[in-house]
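In what comes next, subunit A is part of two complexes: it sits with subunit B in the first one and with subunit C in the second one.
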Partner chain A sequence: MSAVALSRPARVLRIEIRRSVVPWSVPLILALFFFDSYRTAAGFPPNWTVHASAITNNLAWDFAPFAAGLGAWVASREGRRNTGDLLATTARPAWARQAAALGATLFWLLLTFLAAVAALYIQVALQATWGGPPLWPVVVGAVQVVTLAVLGFTAGALFPGRFTAPLAAIGAFLLVFIGFHAALNLTPDSSTNALLSPATGLPLEDVGVFYHVAPDVAIAQVMFMGGITVALLGVLVVAPVFRVRGGLSGAVGRAGRPLCAAGVVLLAAGVAASWTAFALTGTAKLGVSGWDIPALHDAASDQPIPYTPDCAGTAFPVCVHPAFSGDLPAAAAALQPVAAELKGLPGAPVRAEEVPAAGEGVSGTPPVYHYDGNNGIAPFLGSPAGADNARWRAGFQQELLTEFIAGPPNAGPRPDASVLPPTAAQQAVITALMTVAGSQAQFGEDMTNGHPTAGATPAQIDAAAQRFASLSTAARHAWLAAHLPALRVGEITLAQLP
Partner chain B sequence: MTAAEVRTQPAAPASPAWTGAPGVRLAWLHLRSRRVPGAVLALAVCGGVLRAALHWHWTFTSGFLAQQFPMIIGGGAAAVVAMTTHSPFGEPERATGRWLPYLRLGTALAMTGMAIGVLQLAVTGASLNGGIFTLARNVIGITGIGLLASLVTGGLLAWILPMAYVAFAQYALLEAWRNPWTWPVRPPDDRGAWICAAVVFAAGLAAFTVRGARTAPADS
Partner chain C sequence: MNIELSDITRKFGRNTAVDRVTLEAGPGVLGLLGPNGAGKTSLLRMLATILPPSSGQLTLLGRDPGNPADRREIRRRLGYLPQNLGYYPSFTVVEFVEYFALLKEMPPHLVTKAVAAAVEKVDLGSKAKAKLRTLSGGMLRRVGIAQAIVNEPELLLFDEPTAGLDPEQRVAFRALMRDFGQTATVVVSTHLVEDVGAACSEVALMSNGKIVFRGTPAELTVRGETGQGVGDAPLERGYSAILAAARA
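== the complex of A and B ==
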């Protein structure tokens, strides 16, 4: 399309885009993106939702100071150059000039932002074995960039000094940080308005895998930030009225009643949208797929996502969710040696399956070991390659043995059993079985009134474990088959171990 | 010629009947041309925000994340100092005499000291993670970055590189980097971090003193 064919606003916008200062900052933004967002996300599990959290958690940090600072810089141009009066004599109203300048700034910022998102998503697309790219984090991130740029732009337009740009940049940084701080302190019992902050802690490793992530919070965040943006645009439209002398009514008359009315409507609509979002987040409840906002929640999103697990092994099949297919070899290699030690014992699991959180344990007929993505397969927080280390393998094995021999933490005989570690005998047996499997158990030394809560010191437990591990496989198996029920309920002492 | 003078009261010119020492008058005119009074106000805003954050617990009070908020404020103060490098007179000012480098040096040193002093005042009586020494080191080092940036971008855009460094330092803090050149994440008494920050500041100060900020209008 030739320049002649473009409309006047489009031509002005094109000139602003060509002359914009933002492209000079793009290399810095991209360098920050590479170090902060891209490299950080590279260490995440190959889960789309977890990777997408880098958009609101990391990318926002990278863009915040530049969006606000450059917005303020562009808006204060007329003030810095003392050309306000000259431009006031032109046929175009001030808001048209500002719209072109703001549009060009947003064009470059959003272009850079979307390029960064594309790089992040290509990275996870090369690793992920299941699912697809979530779009809500992209929308939230883009709206955040726009909001911060408009915030800076408004500050620059209203206070066109040389220090406005750095102060706007710092202000944006601090806003993101304060929101992050509030979001990290969020609990179901506290005020849930902190959900308005897009930056928050790292989500659990299996988020979005078994259940859809409800878009409730994202919708509220977009409504909140979008409302602020609209309100600020209203302020920009109305602001010239207050610069005209001769009383408010005279100023409105000169600036144009429709324009003033539009500005007031934008301001009111923006405030209403933000206030509504603020009120909505106050009603949020913790649901199966994260935070739900009743007024925005679709109950259909609470249904589990159907999937066919990926399994490995025949004697003891180990199954993972297809999203964690890359971890399957390591998971099977970790669990099968300890499962072999348990084979034939009463209640011994015949298979291991990954399940959603809070479903962990040995249950069913035949017994199946259910482990969740957060405590079981993915506590290493990393790519499948991160699973292939002794520490992770030992932790994964210990989870299975503890569930089988000691049971769930709250199923012990004493009222406060939920906070107690396995008994000394249970720890010794678990340690011995892990030693046989080539791993090392790790139990903390829990003390009660100056005495070991488990009933024996770590040294005593290790000695008993070594004794038990030195038995022949058949002898160990026979003893466990005979004493497992008593061992489970805590009736076996360390001295009774062979 | 525009109508700006008619609509807006221009800044009062310095009185021709100056009775003080000529050197003081020269320094005062130099400071005014660099908008130092406005910079002091901006530094006060930074200090006020830091004080408010510590008072109302907007930030973490312990752990490595507690360093983030003071670091951002320190970076902001350094960016403000870097902005005072811009001269409204451009190239012709360089032909006005031999005092200009000394004035640049004095202004940069005074503003850096002022930034540290204002922030110290802001945290007096409050519990600041890392103490004022970490804050001072951040201001010194990041100001050096800003002074170096002013040679390339001009004074008006010299805030961009310090902001980028602060953003990078956030990442370094979260990743527990230990390189001395990521001095904001190092303990207050870390010698390597102090050396790095001081070297950057000295390099920026020396280069700025000798050459001055880029005089071409940075936003044209």
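== the complex of A and C ==
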């Protein structure tokens, strides 16, 4: 393309950018962003992937009505302002003129969107101790903004009335709502086509930490929304043909066959891309770090991300993934007192280490307590300011003691489903050890009344726990050393506790 | 000839707006007169390549506007001022005129100078950077004229161009039309016969979609003197005499 041909569209675009209506809406969009996305993300743990989820979960709500509404408003300008006749006498084709108006709208919307993303990422950068900004959520969010703007623009171009813009805004809001609802109801057993919705819900706290988040779903989402966008652009190109009277062939001849052919090709390509994305998400399966789409999946992304843990303490080192090193002092302060009560017992863990989800338990030689960032200690890792710290501390300690006393000894990492509820005696011992460590155990009613407790009441368990806690450290230790195997397999009753 | 119409008809449903009109026009100013609903605006919109004719042969600037490539070339060399000028209130005068210069595919390196010249010609130099929403109706009309002439068109179409202009501006505009008529074909659709008398070298009078008179303003005046026309001015009497004859 010659320099002359390049500079003409650029100058039209410059005028459109300068006189776009979008900047008038930017303060409102940014206010919504601050009160919704920014403040919500401020409560997230300092994990890049979790923070990035605010882009597709929250920013989408903030931008969707504006993107579609402003797109429709700009596109309906020629109809509202009665410039149709005047513009129809100009040499530039309608699609080129509309492209400039759409380009200016997208310029401001994307600039605002990227500014919002930058604010979110600066927010996490100031807290995060590991990792870097994920780019796929930004791409997905940007494509979503573009798609909704083009959707609104197409509506405005086809129906250039005053009510098109508000209707487009409401429609976009409903679309995001439906997508969000579908994504939140997604289970491994349901139709995985809901993955086409960019919304994800709040991800697990250690997502993207131990394993890369595979871009499979993001690629399918971009393909789906990009396909819709391309198809809508095709509709915009061929739409003038259907406004000309005198039969389709006459209309095509007047509009120009190459232009009509280009519009039809765009429409077909867009539909094909969206349909392909729809089919791809139907094959999605849960992988190590989320949903994988076999046709798009790169097995290399399933490899763990190497890291060096951050550890605290010497008698009982407590280690966390460097992404959570900010939580290390609190983690060590929670686990070390109860670990001291177990020290020297057969199979007692000598250190604690954070591992990916579904890998927790006491295992290895020497034994190590493996915990994850999501089960048992979820309220602990990345707990938002104001959380009940005593409660998560107790939960974290109870998790360790339950794993050691009620879990199968040295069975190695195992899924949560295999953890048996503690028996009455096990509950009493756990409660006693936590009391000594300054915390309060909590067991669900179903466990107390179920088979493992053999009909013991909470009061009886509490009484036994108080009895055991009142023993001297040496006496408790000696009793546990002698009876731990029997206690673990559930052969000790409440009455047998000292 | 810049305009060649042969048996041009334009229908809207059952209504025939332009009925088998044949017309040729070269450089000069052609006034298009006629009562409301005579078909002037429809004819002008066909000349502006907005409407295709329902039947007949239309050639503009030696090209067929039914052919997309030809139509694009015609539009590069066309200026048009519609009866109701639509505009974007947030644009400045210069931006609006530049926008149309670019859409008319003027060479970009000529645009800035051409815009400034067009704005000066309509005497809006002092308002060049004013937003359109701040201008009066007459000023907006002049902005419309500026966008029509910015590309130095060979075919210039004005629909009621002087509506809203003050007398001084009207006189200036007539001079502008005469200037353009030296090299280009200017077609002016108007109700104001004094515009025709002052600026047009030729007149076409339309009634019920047909051209019922074609001649010079002097010839129209003569018809007023010999016919049964009514009106204060000779041209008005000629106008009404021809219409009366056509209706009869």
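By our rule, the second predicted complex is superposed on the first by the 459 of 498 C-alpha atoms of A that agree within 3 Å, B and C clash if a C-alpha of one lies under 4 Å from a C-alpha of the other, contacts with A are read in each partner's own complex, and residues count from 1 in each chain.
Convention: a contact is a pair of C-beta atoms (placed from the backbone, for glycine too) under 8 Å apart; a residue touches a chain by one contact, two chains touch by 3 or more.
Note that the structure is a prediction, hence the values are computed from the model and not measured.
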Check: Between subunit B (first) and subunit C (second), which does A:Trp61 come into contact with in this model arrangement: first, second, both, or neither?
Finding: first
Next item on the list: Once the structures are superposed on A, label A:Pro137 by its partner contacts, choosing first (subunit B), second (subunit C), both or neither.
Entry: neither
Margin query: Going by the contact rule set out at the top, does A:Ala169 touch subunit B (first), subunit C (second), both, or neither?
Written below: first
Notebook entry, point to check: Just subunit B (first), just subunit C (second), both, or neither: which does A:Leu86 touch?
Noted result: both
Notebook entry, point to check: Looking at the overlay, what does A:Arg77 touch: subunit B (first), subunit C (second), both, or neither?
Noted result: both
Check: Taking the superposition as given, does A:Arg97 touch the first partner, subunit B, the second, subunit C, both, or neither?
Finding: second
Notebook entry, point to check: Should A:Gly227 be classified as contacting the first partner (subunit B), the second (subunit C), both, or neither?
Noted result: neither
Note to self: Just checking: does A:Ser7 make contact with subunit B only, subunit C only, both, or neither of them? Give me first, second, both or neither.
What the structure shows: second
Check: In the superposed arrangement, which partner chain does A:Ser25 touch: subunit B (first), subunit C (second), both, or neither?
Finding: first
Note to self: Under the contact rule defined above, give the subunit A residues that sit at the interface with subunit B and also at the interface with subunit C.
What the structure shows: 21, 77, 82-86
Next item on the list: State the interface residues of subunit A toward subunit C in the complex, per the touch definition above.
Entry: 4, 7-8, 11-12, 15, 18-19, 21, 77-78, 81-93, 97, 244, 246, 253-256, 259
Next item on the list: Give every residue of subunit A touching subunit B within the complex, in rising order.
Entry: 21, 25, 28, 31-32, 35-36, 40, 58, 61-62, 65-66, 69, 73, 77, 80, 82-86, 161-163, 165-167, 169-170, 173-174, 177-178, 181
Item checked: Sites on subunit B touched by subunit A in the complex -> 2-4, 7, 35, 38-39, 41-42, 45-46, 49, 53, 58-60, 65, 68-69, 72-73, 75-76, 79-80, 83, 86, 156-157, 159-164, 166-168, 170-171, 175, 219
Next item on the list: State the interface residues of subunit C toward subunit A in the complex, per the touch definition above.
Entry: 45, 48-50, 52, 66, 68-69, 72-73, 75-76, 78, 80, 82, 84-88, 90-91, 95, 98-100, 102-105, 107-109, 111, 144, 147
